[in-house]
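See the structures that follow.
Paired with chain B in one complex and with chain C in the other, chain A is shared by the two complexes that follow.
Take a look at the complex of A and B:
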C-alpha cells in the first residue's frame, strides 16, 4: 500500500522547478498580473501559493527573464508581467530538456 | 492601520531598505486581489473574516520577507554542514581534554579545596565547550551568508580520504607494550613494599609509598590492573576491537585515576616517614611532596585520557555487523 505522504513527497520533488517554467511559458503566451496568473496555473493543475508566486515573479524580473508594465486601466494599478526575449529562449531550452525526459520515460519499459 | 497594512509593514521591515517600496506595492496588489476574488466567491462572508483568511494563507511575514530577500532560512546549509561538524568535533576533542587538565592544576596551585577544584573543572570545561561551539557556528553562519562554498574552506573529497583499515585490528606490539607496562607497574608496587630502599634508625624498612594504602587502595589498584591485563589478552586473542572494549577501557581508566586521586587528595600517597628519614625535600629546593604527588596524578590522568580517546576512536571504526 502506497503511503499518501510518500506520494506527496515524491510529487513535490518532481514538480520543483516546474513553477518558474510554467510562469515563463504562460506569460509568453499572454502577459498577465499576479492574481490572474495564479488562477491560470491552478486551471492547469499547477496550483501555486501566492506567497511563492509573487516573490518568484520578482526574482524572474530581476534575472531579466520577465519584464513588467503598470496597468492603470483599473482603479488600482497592477504590475502586468510579460516574458522577455531571454525568457522565451530559456523556455525553449527547458522545453527541449523536458521532452528529452518524456522520451526517456517512454522508452523505459513499464514494470 | 488596517490588518493588511500591519501585515505589509511586518514584511517590509524585514527586507533591505532598497526593496521596501516595491515589495509593499507587490503585496498590496496580491492581498487586495485575493480579498476581492474571495469576496466575489462568498458574498455572505464579512470582509474582515476574508481579510484574516487571506493573510493567514500568506503565512509568517518573516518567512515571506526571507523569500523576497532570498535569504537562507537556516543557520548552516548542507554545503558547509559537514565542514562545520568536523571542525567542531575536532576542536572539542583537542581543547576540552587540555582544559580539563589545566583547570585542576591551576586550582591546586591556588590552594583551592578539592570540591572547589571539581566544580571549577566541570563548570570551566562546559563553559569552554559552549564557547567553542558558539564561535565556530557563528563563523560558519557568516560564511554561509557571504557566499563561501565548501571548496573554499576544504579540499574536495576523493577516495584518497578513505581510511586504510576500516576495521581496527589489534597490533601485537600494542598488546605487548601495554601488558609490559602493567606488569612492570605491578612489580614496582610490590617490590617497593617488600624491598624498601631505606630503613629508619630501628632497622624497619621504609617503602616509597605509604604502607597504610595496602589496607584497601593498593590491592584495589592491583585488581584493576589485573582486569586490564585479562581484557588486553582477550582482545589480542579475538583480534579486533569492539564497542564493549571502549567502555571497559573508560571504566578501568576512571577507576585507576580515582584510586590514585584519593591518597593524593589526602596527602598520603608517598610515605612521609621515608622522606623525613632521607631529609628530602631539603632547604635547597622549593618542591614539596604534595607537588610530586599531584604531578604523578596529572601524568597518570593524561595517559588515561589518551588511552580513552584512542579506545573510543578504534571502537568507532568497528563495522556494526562485527560490533
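Take a look at the complex of A and C:
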C-alpha cells in the first residue's frame, strides 16, 4: 500500500523545479503582483501556496532572474515582478531540458 | 549574464524528481544492476552520476518502491533491483503529474 506521505514527497520533488520555470515564463508574458500570480498558476493547474510562492519570488529576484518595481497607487505599496533578460534566457534553457526529459519518459514503455 | 552555477542549480532542480521516476519506470520494464541502470539512463539522455544513483536506489528500496535480490553468480555478490507493485503505482501517478505539468508549460506562450 502506497503511503500518502511518500506519494506527496515524490510529487513535490517533481513539481519543485517546474514552479520556478512557470513563474519565470508567466512573468515574462505579463509582469504581475505575487498575489495575481497565484491565480495565474492555479489557472494552469499549478496551484501553489502563497508561503511557497513569495519566498520563491524573492529568491528569483536575488538571483537576478526577476526584477520588480513598486506600485504605490494603492494605500499599501506592492511589488510588481517581471522576468529579466537573464530570466528569459533561463526559461529557454529549462524548456529545452523539459522537452528532453519528456522525450526520455515517453521513450520508456509504460510498466 | 547568466551565471553557469545558477543555470546548473535550476537544471538540477528540474531534473531531481525525474531521475526517481525514470529509475522506477526502467526497473519495472527490466530488473537490473545499478551499474547497468547508469547506461540505460544515459542512453535516454538522463546521464546520472554513480554517486547520485546508488544512494537514490537505496532510498527507493527503503521506501518500498524497489525490491532487490542478490546475484551471487559472480565472485562479488551484486544487487539486482526491480520495481515493486507500489513503485509501479507511483510511476503511474507521477506520469500523470508530468503530463499535467507539460500541458501547463505548453499553454504558456514562449516569452
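In the analysis below, the second predicted complex is superposed on the first by the 104 of 111 C-alpha atoms of A that agree within 3 Å, B and C clash if a C-alpha of one lies under 4 Å from a C-alpha of the other, contacts with A are read in each partner's own complex, and residues count from 1 in each chain.
Quick note on the criterion: a contact is a pair of C-beta atoms (placed from the backbone, for glycine too) under 8 Å apart; a residue touches a chain by one contact, two chains touch by 3 or more.
Model, not experiment: these values are computed from the prediction.
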* Pick one for A:8: touches chain B only (first), chain C only (second), both, or neither. => neither
* For A:58, decide between first (touching chain B), second (touching chain C), both and neither. => first
* Kindly classify A:86 by the partners it touches after superposition: chain B alone (first), chain C alone (second), both, or neither? => second
* Asked: Who touches more of chain A, chain B or chain C?
  -> C
* To do: Please indicate which partner A:35 is in contact with in the superposed arrangement: first for chain B, second for chain C, both, or neither.
  => first
* chain B versus chain C as contact partner of A:47, first or second or both or neither -> neither
* Could you look at A:17 and tell me whether it touches chain B, chain C, both or neither (first, second, both, neither)? => second
* **Residues of chain A defined as touching chain B within the complex** => 33-35, 49-52, 54-55, 58-59, 76, 78-79
* Okay, in this complex, where on chain C does chain A touch? -> 1-2, 6-7, 10-11, 13-18, 20-22, 25-26, 28-29, 44-46, 63, 65, 83, 86, 88-95, 97-98, 100-105, 107-111
* Structure fact -> chain A partner, complex, touching residues on chain B are 22-23, 25-27, 29-30, 32-34, 37, 57-59, 63-64, 67-68, 70
